[in-house]
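Next come two complexes, and both contain chain A; in the first it sits with chain B, in the second with chain C.
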Partner chain A sequence: MSTQATNTISTAALPAWVKAITLPLILTLIWQAWAMTLPENSPAPAPLKVVESFIALTASGELIWATIQSLGRVLGGFGIAMVGGLGLGVLMGSSRVVRENLDPIVESFRPIAPMAILPIAILWFGTGTPAALTIVAYAAFFPLLINTIYGVSGVDRQLVRAAATMGISRLRTVFVVIVPAAIPSVLLGSRLAMGVAWTAIIAAELAVGAKSGGGTSGGIGQMMFVFYAYSIDLNGIVVCMIVVGVVALMIDRLFRLAERFLLPWRN
Partner chain B sequence: MTVSQLHSKSAPKLRLKGVSKEFIAPRTGQRTLAVTDFNMDVQAGEFICVVGPSGCGKSTVMNMIAGLDTPTTGSIEMDGAKIQGPGAERGVMFQDYALFPWKTVRDNVGFGLRHGTAGRGLTSAESEDRINHFVELVGLKAAEGKFPHQLSGGMRQRVALARLLANGPDVLLMDEPLGALDAQTRLLLQVELLRIWGETGDAGDRKTVVFITHGIDEAVFLADRVVVMSSHPGRVSAVIDIDIPRPRGEHIRSEARFGQLTEEIWSLIRDEAYRAIA
Partner chain C sequence: MPALMRRQDPSAAVSRSNSPSGNRASLDASPAIAARSGMRAAALHIWRAQWFVVIRAFAVFIALWGLAAYLVASPLQLPSPGKVFSAMVGLAEKGELLSHTLISASRLAVALGVATVIAVPLGFAMALSRELNAYIDPIVELLRPISGIAWIPLGLFIFGVGGTLPVFIMAYVAFFPLLLNTVDGVRGIDRKLLAAAETMGVGPRARMLHVVLPASMPSVMVGFRIAFASAWAAIIAAELIGSPSGLGFAIEWYRQLLMSPKVFSFIVLIGAVGYLCDLVLRALQRKLTPWSEGMGIGA
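Showing the complex of A and B:
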């Protein structure tokens, strides 16, 4: 009886988080089993060594500080991009004259990868936080701008006309009709922008770390560079990769939460 | 009393004089005469229906009265003053309702009071009372916290009507407001619309209505006068007085006079309607 009951349990009944960790757990076990066949002094990363490295880096405070530094730069750069992207996006989305004049400039800068402007950023701002902020802001700017333009220019004209017939001024209509109607697109843009900002910061810190010889630029990217170029510690690099992934996941979940809070009228 | 005051006193609520509208296509520069030589006086408290074949410029006329479009020639006056642009004194109910999808039923109804000129001088308690009144009038009290996408077509239409009325316009401009509804709901809402308009009350309390429809029976049921338009270019081909006494109930639909008037209007449109589908 009881064995029969266990056999018929379907995976559909399991909570989502159990499903989410099952496969990673199995892969980690396989990885660990493989690592245990290697000689003791092998530099190849192994799950248990990664955990050891994680504990050591956390205990020393290095990891937390590096994460805070990188995250701070992402948020700072994202904030700058937000001001620029939203401001310009609303202007370009609502005025055809502005859009037609700026579109060629925007579209010719957009394909230039954030890393490609790194040399200029370093020459102008040195190897510290300002250079990193520039790269992040540049990377996050375009998804925000493009999605804001799309959202604003795609606002149902009928809603704008309806507002006019209610005696609502044009300026007020921008704030009470056009901006709220564009929020779904802006949120999508923000999510995309946050993703590329986080990618850009790690790359920027790696590169800036290389330029400054592993110096004091800080951040997770620089930490990875030090593990790579100086201590040749692959376990440390894996710790950094995991932290980057987990932080990105948390940011994405926060955005989804914000969406549910800001857009209760969608589904 | 000065002459101009006397004049404005006797002026109709709305006066359209020699109105024409020509659209110029942005790329090709091709000109289309949508409406020509349109003349119409609408008295205060009058219920006017405009009927005509598709593409005869009914909506263009309404948009010009609303101030959303400007006439190419001629003038449109309200209470003797030229209409310069949209304003809260001329409320519009759009064919697709144009509800704000991010606002609840209640917030849609109160949108104009909150952000527009009509709410000036009202305390927030007065605004709330007014919103309550109209939400209840259209029977949506229970659904006032819902968003438009959660409502049926008939309910959205009621929200649009409550929003129109709550803003307190002098003139109601309605562009095929019942067009998207199924036949039964449509008949019920026609009766309800007349009740809300104030058919049973004092004629002096009624709003001025310009109601666009392609339903001839709907026009006969609702209107004091029916303006029949013909197309290419859009112009007035006839104005028919509907002499069926008010208040009108469902029963008038089966009366001989109702049938006669419907037939009379249909005969004016028929040839053109056939040509349009040929």
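Showing the complex of A and C:
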């Protein structure tokens, strides 16, 4: 306790950004120092080599192309999930009969991990893009569905009744009352769905690559697998990991921005 | 994530509370009609009972599956429910279902244990010390977007194919929700409770033990449930790619042998085990933190 107290006093005055970069910097330096003790031909990744590898992969266009390929699949799968999840979500959210009858089925599929579907997807579609799309769509479907149900069923009954009192038709009520009220949940569901979809595409591409001997699928996950299994380029793998993280962060920030932009009445 | 919402809407509650009283009114009218409507009421009661709804839904689902299998007419792509069931019985008799489940479950337990031991104390420390938080939070936020899956190739290189890789991936995946929920839980403590304890002369250690710990437990439990769910999803990927045993390995192994009924059996098992574990965790949540009633996952 006392050592911590002295420590607190000595560094409290430092600006926040200095504190923020301290630990990452120290760890990177240790990593670099450790890598420099290894023999020259060691495959172990090192920060400087990772930077070199990043520059080379970007210059050749490989990295960007793989990222675009993966993102394209994520968007495709997300689109499929959006159609299914929103459609079914509105149905289940607005009708108690539909919800009660479908809920057991939905709840029993939910704990089945997206990757568990992969063997079936490969059996059905082979090792190309359709299999990857299936995994992404499956992964993104549940957050979208559940949040849509929640949003639609959670609409304040008073508002619906008020609309009816004012003589607004049912159909118009759906668009004027229910949809705007459900948008926050749907957006939250979309953000969560995009997050899991991005994770799922990496997993799918990795596994498809691993199980088909590489070559056929492409994308950033596939690229990682090729680096692991064929060219044994660990620096390249670390570059891919960083790209995976950066893209995930960008997706998350984009959706948060959209939430703030589209829902100005919150906060 | 506002999952698992089973809120009945008000109109549903009204119609439900109305029906028994309506039946009671008809009971008074005439015995013959009463008996008939009583039976009808009983039938209606069963028809609406939750367990019956579940059975009904599954019956329809399995019937549709059977029909689809009949139409697809390719046992390789879509085996019929009967075939999957008999494959499951066969696998259960050979003990394969149990052995793969036990392997995966023990890896899960080790990973969750490791993640808890690291994340929860760290979370307490980060929530209580702003200085420590300023140093550690940035690196957590740097690593968090990198999904556990993306660690698989590097992990394969470091640990090789085997049991360590899934444990590492799962511990990594479980770490973040546990840490963040612990930090949230400790930070979210009502200041008044702490002030009250201090006023009553409760010392710092007792305050920690009797105020901070119980008050943050609900949030930690929620973190644990999310950690479990993410780890359960990750283990399938990790075992599928980099392990010679476990449930994730089994589905891919039988896929390569083109034994679809067995693939489907293991997929059903993965869902069932995940569902049961969540049930257990929810029961545990109610038992350990009864003061957090109504707290959903991600609340």
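One rule holds for everything that comes next: the second predicted complex is superposed on the first by the 241 of 267 C-alpha atoms of A that agree within 3 Å, B and C clash if a C-alpha of one lies under 4 Å from a C-alpha of the other, contacts with A are read in each partner's own complex, and residues count from 1 in each chain.
Assume a contact is a pair of C-beta atoms (placed from the backbone, for glycine too) under 8 Å apart; a residue touches a chain by one contact, two chains touch by 3 or more.
Quick caveat: nothing in here was measured; it's all calculated off a predicted structure.
Of the two partner chains placed by superposition, only chain C is touched by A:Ile237; chain B is not. In the superposition on chain A, contact is made by A:Val176 with chain B only, not with chain C. Considering which of chain B and chain C touches more of chain A, the answer is C. By the touch criterion defined above, A:Leu206 reaches chain C but does not reach chain B. Looking at the shared chain after the overlay, A:Ser185 reaches chain C, while chain B stays out of its contact range.
Look at A:Ser108: by the touch rule set out above, it reaches chain C but stays clear of chain B. By the touch criterion defined above, A:Ile117 lies against chain C but remains apart from chain B after alignment on the C-alpha atoms of chain A. Taken together, the two complexes place no residue of chain A in contact with both chain B and chain C. The residues of chain A lying in touch with chain B in their complex are 156, 158-159, 161-168, 172, 176-177, 180-181, 183, 263-267. The part of chain A that touches chain C in the complex is made up of residues 4, 7-8, 11-12, 16, 19-24, 27, 43, 45, 96, 100-105, 107-120, 122-124, 143, 146-147, 149-150, 153-154, 157, 185, 188, 192, 198-199, 202-203, 206-207, 210-211, 221, 224-225, 227-228, 234, 237-238, 240-242, 244-246, 248-249, 252. Every residue of chain C that touches chain A in the complex is listed here, in rising order: 1-5, 7-12, 53-54, 56-58, 60-61, 76-77, 129, 131, 134-139, 142-143, 145-154, 156-157, 229, 232-237, 240-241, 247-248, 251-252, 254-256, 258, 260, 263-264, 266-267, 270-275, 278. Here chain B touches chain A in the complex through residues 66-68, 85-92, 94, 96, 98, 100-103, 111-112, 115-118, 147-149, 167, 173, going by the rule given at the top.
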